[in-house]
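Let me begin by handing over the structure; questions about it come next.
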Amino acid sequence: MEDLRERVEKCLGPKGLVVAMTECRGDLSVEVPKARLLDVMHLLKDTPDLEFDFLSDVFGVDNLAFYEKQKPKKKPEGEETEVKKEKGPPPPRFEVIYLLLSLKRTERLQVKVRVAEDDMEVDSVTSIWKAATWPEREAFDMFGLRFKGHPNLKRLLMWDEFPAYPLRKDYPLEGRGEERHLVYGE
Amino acid sequence: MARPVVKKKYTLGERIYLLEILKGMALTWKHFVFNVKASFRPGPHTVPTCWQYPEDRTREISPVYRGLHMLCLDEKGREKCIACGTCAKTCPAHCITVKKGKRKEGEEDKYAGKMYCASFDIDLLHCIFCGLCQEACPKEAIVLGREFELAQYTREECHLDKQKLLANYRKAKEEGKLRPPRKAVPVVPAPPKPEVKGASSKATEVKKGQVEVKKATKKAKNAEKAKSGD
Amino acid sequence: MEGWVIAIIKVVFIWVWVLLIATVMTWVERRGAAMMQDRLGPNRAGPFGLFQPLADGIKLFTKEEVLPKKAHKVLWNLGPLLFALPAFSAYAVVPFGDKIILGGKEIILQVSDVNIGFLYVLAIGSLAVYGIVLGGWGSNNKFSILGGLRSTAQLISYEVPLGLALLAVVFVYGSFSLRDIALAQQGTFLGFLPNWGVFKQPLGFILYMVAIYAEANRVPFDLPEAESEIVAGYHTEYGSMELGLYLFGEYVNLVTLSTLVVVLYFGAWHIPYIDISKFLGPVSWGIVSFLILYLKVAFFLWLFVWVRWTIPRFRYDQVMGLGWKALIPLALFNLFITALFIQLSA
Amino acid sequence: MNQDPVSQVDQERLGELVTINIGPSHPAMHGTLRVITVTDGETIVKAEPEIGYLHRGVEKLGENLTYHQFIPITDRLNYCSAIPNNVSYEMAVEKLMGIEVPEKAQLIRVIMMELARIADHEVCVGILGVDLGAFTPFFYLIIQREEIYEIFEWYNGARLTNTFGRIGGVDADLPDDFEERWRELKPNLRKANEETEKLLTHNRIWMDRTIGVSAFSPEDALNWGFTGPCLRACGVKRDLRKDEPYCMYDQFDFNIPVGEHGDVFDRYKVRMIEMEESIKIIDQAYKLYKEMPADAPLKARVPKVIKPPAGEVYSALESPNGELGFFVRSDGSDKAYRIRIRPPCYMIYQAFNDLVKGGMVADLIACISSLNVVAGELDR
């Protein structure tokens, strides 16, 4: 695993394509700049040392409540406490995670891209892996992430006229959320 | 792209259709004869697969079957339930509601614990029969029984209250269909250093009198609502 | 008795009889299938579920008739009729027994012994396709039209090998009358083989069998109603007794075709090596011949069921390929061989 | 963006083409699948699958239920074989918490998962037969599946929605009569498979219908994200049980069947052989299981309320359909922050247009059944 980390570092690092690298229970994930996603993917796929030639999955994550939840321990109810904000701008709200797999080496790698709420456009990787076709459509459907260059970006699971993005964290759990929560075509 | 495939060379037997078809027909004939013979045997369950269900109830249901719920009594005929509400909290479908009652003097032969459930409601239309409640129950009070005929005519009938749950238990006891006592699952003995501290310290505060055990996610939902209202 | 009275009695009798067989057939089909598939099948209505067809009939009769919104009303209603009628009418020339002598009058067990009965059967048989294609078109449903088209193509393709196979039979027996052919199958030839069509025309028999499976839209040729592909094909939209007519017509068709197989290839009411008619009186022989014939028919009906629950279904183009590339050349070859033999033996 | 499938095909031929809407209520559409097909006669010009008719928001549910509460929900993913779903999810949480599952529990998991695999393949092959018009093998197979479900029922009380296992292990030991049942079941399973093969494999009608139908090249299959039997049918020898062993799979001796052309016939054949291999695995696993002491632990020590440390893991296993993965991100609370399910047939089904284009309507049906698309898993 350390080895893989080094190799990924060696491949992407010099070109400045690594924003951060984390490891959790043996799962290596590398965060890359959004603008150069396709370059990264090409590099990861074609570098002879890595050969991540299989795209396992693509999906979005909404980090709306993630960082707030992390910081303070739960306060007893009723007490109004201010959530202390960290310095600097808050991290972008959305994340797109690509699960890559190298068939030859049976190694897995998570590639992350952070997407801010005001610029929801990500390059589509369908030109590299067709496997991303539906997962990207689903990410669009569920989070409103827009994938540039996707051949047929429309809603997948929800119906076409559905006005909201249900997997976002602020989508209400009860009632007809989309009625109160119009975000479509904002 | 669907690619064209070089067709396999068929053997002569495969080519002329009839041979394999005759073989297949021999097989179905074998089954046919067997089943015709079987169906003339006396008894309701003749052909191996078919249970003539409403008449023939000889099929043995697993003793651990997860069917209709019941509230158990202990050997002295006292209610086991102590209204701790663990089942309600564990239920993924949020279909259990428990109300607490405190045992009064002179009710020792009625309730096993100091607390008892003043009411115990299960909405069968929500229940997914996962069995997590009976597993969570510390007293083995709520148990899923072997009764599997759950169809009812009205919604009200699908609502199980305490009386019905106890009646289920009595019925099962009469028929000898009680669930065998739970076997403890052997756990790894020497605890490795826990990764996270369990939330066991979080003792549930019990108010005096009757307290409705709230659904676990209620708070979260309220918070969510407040947020979205902004 | 007047001739026309007898004719009417015969018509009514055979009509009821065929209906009865078709009814029982639905039961046999379902029970037989169940038994082959390790289950029991319908066993609730009456003993062994024997009243199941009755229950089905009552259900179909009492159901509401639903006309799809944009269906062609006339064609829609015409479809089931045109399908069921030819199935019944084909029986007019099919013999159902030898003959009975009543009061010194000879009654042949056949509605009418037409000397070109053969052609009549073929002509009427190909009419059934109108019922299917009109029903499919009239339903205003894409699955229906697909079913109708499939059926049309299939029936037209398989008429040819069917006709050619039958022509060889005509060559052998030298007659177009079904009755003549049936009578000619008595006795033996080559000393030991029964004088049946199947022994004189083995290849023709197989071709004919394959072709009638296609004609009757039965597995493996049940593409017009392939339920997993086009829902129910031409009768997707039908309900009530109109659907009943389609289903019933199909079984009547089966009976007709099976009877034809027996009459043409399986010695009609003859039993090999023995001539029972000598031991029996004229009336009892009539009844026995009738029973023998239908015993044989029962076997072929059973064969339909048996095959259906054994093998998968063809694909549309494969059916066409089999029909045009295999069956027709074989049928021509068969015809040629038959003609050659007749020429040589003459 | 919101294009009608017709408009994407050759505009000049529009008049000749027919759009047929197959599904969602169609006898061959296994519940709620829908394919909008543009055909030229019976030849398919374009087939666009529409999904979402069984969308229940499972991923959202996962974010709002505690870790244990989510296990019964995973039953409802691939309802033909619930157990691999449960185990896959549990494995993901265990990985997140760093829990080592006791060996005996792992063996029970293996046994149950392989039984589920057999059950799943039996349904798939049976349905493939039904859709191609051969009804009878379906019953021979489904009877055996029934017996497998009987084992499940006697194990923990449910037949389909098993809620098998708990985070950290399993919730019950194998029932006492398991050995007897398995001994009875094994020859029956083999017999049913043999009979199915007898009825189908060498039957020319079957061969014509399946060989060369919706064939796929290995490169395309990998590009589209195929896994499981459908990928192996294309000739790629990939099986997570061998490549990334979990649950002690590295200790068993079994083969991975590989097809040649990736057509329907190969998929059918691969599944048939896999059933046989699964029987072998169960035998070996049960032998190992018998060697364990009777009171060996079945569950790791897990806190009552599960609160994994913040982090994110992806863990996958070889479900009957292919790689079934769960991505779990925890924020340290008792509910997962994000659960992503990677359903195998979702990746396969997206290539549907490429699989069936140029074939006939009947081929489309054969293809859809051979892929074993399960709507519960597809739509989540």
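To keep things simple, chains are lettered A, B, C and D as they appear, and every chain counts its residues starting from 1.
Here is the rule we go by: a contact is a pair of C-beta atoms (placed from the backbone, for glycine too) under 8 Å apart; a residue touches a chain by one contact, two chains touch by 3 or more.
Please read all numbers here as calculations on a predicted model, not as lab measurements.
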Q: Using mean Cα positions, find the chain sitting nearest the overall protein centre.
A: D
Q: With centres defined as the mean of C-alpha atoms, identify the chain lying farthest from subunit B.
A: C
Q.
Could you work out how far the Cα centre of subunit B sits from that of subunit D, in whole Å?
A. 24
Q. Using the average of all C-alpha atoms in each chain as its centre, how far is it in Å between subunit A and subunit C?
A. 65
Q: Report, in whole Å, the distance between the mean C-alpha point of subunit A and the mean C-alpha point of subunit B.
A: 38
Q. How far is the middle of subunit A from the middle of subunit D, if each middle is the mean of its Cα atoms, in Å?
A. 26
Q) In subunit D, what residues contact two or more other chains? A) 64, 98, 136, 139, 143, 199, 203, 205, 332
(Q) If I count partner chains per residue in subunit C, which residues reach a count of at least 2? (A) 36-39, 309-311
Q) Do you know which subunit A residues sit against two or more other chains? A) 173
Q: Would you pull the subunit D residues touching subunit A in the complex into a rising list?
A: 1-3, 51-52, 55, 57, 59-60, 63-64, 95-96, 98, 222-225, 238, 243-244, 310-314, 316, 323, 325, 327, 329, 331-333, 337-338, 340, 342, 346-347, 349-351, 379-380
**Q.** Touch list for subunit D against partner subunit C, complex
**A.** 18, 20, 26-28, 42, 129-136, 138-140, 143, 199-200, 203, 205-206, 208-209, 360-363, 365
Q) Can you list the residues on subunit A that touch subunit D in the complex? A) 24-27, 29, 53-57, 59, 61-62, 65-66, 69-70, 97, 99, 103, 106, 108, 110, 129-131, 133-135, 142, 152-160, 166-167, 169, 171, 173
Q) Where on subunit C is subunit D touching in the complex? A) 33, 36-39, 142-143, 146, 219-220, 222-223, 226-231, 309-318
Q: Please give the residue numbers of subunit C that touch subunit B in the complex, ascending.
A: 32, 34-40, 43, 206, 306-307, 309-311
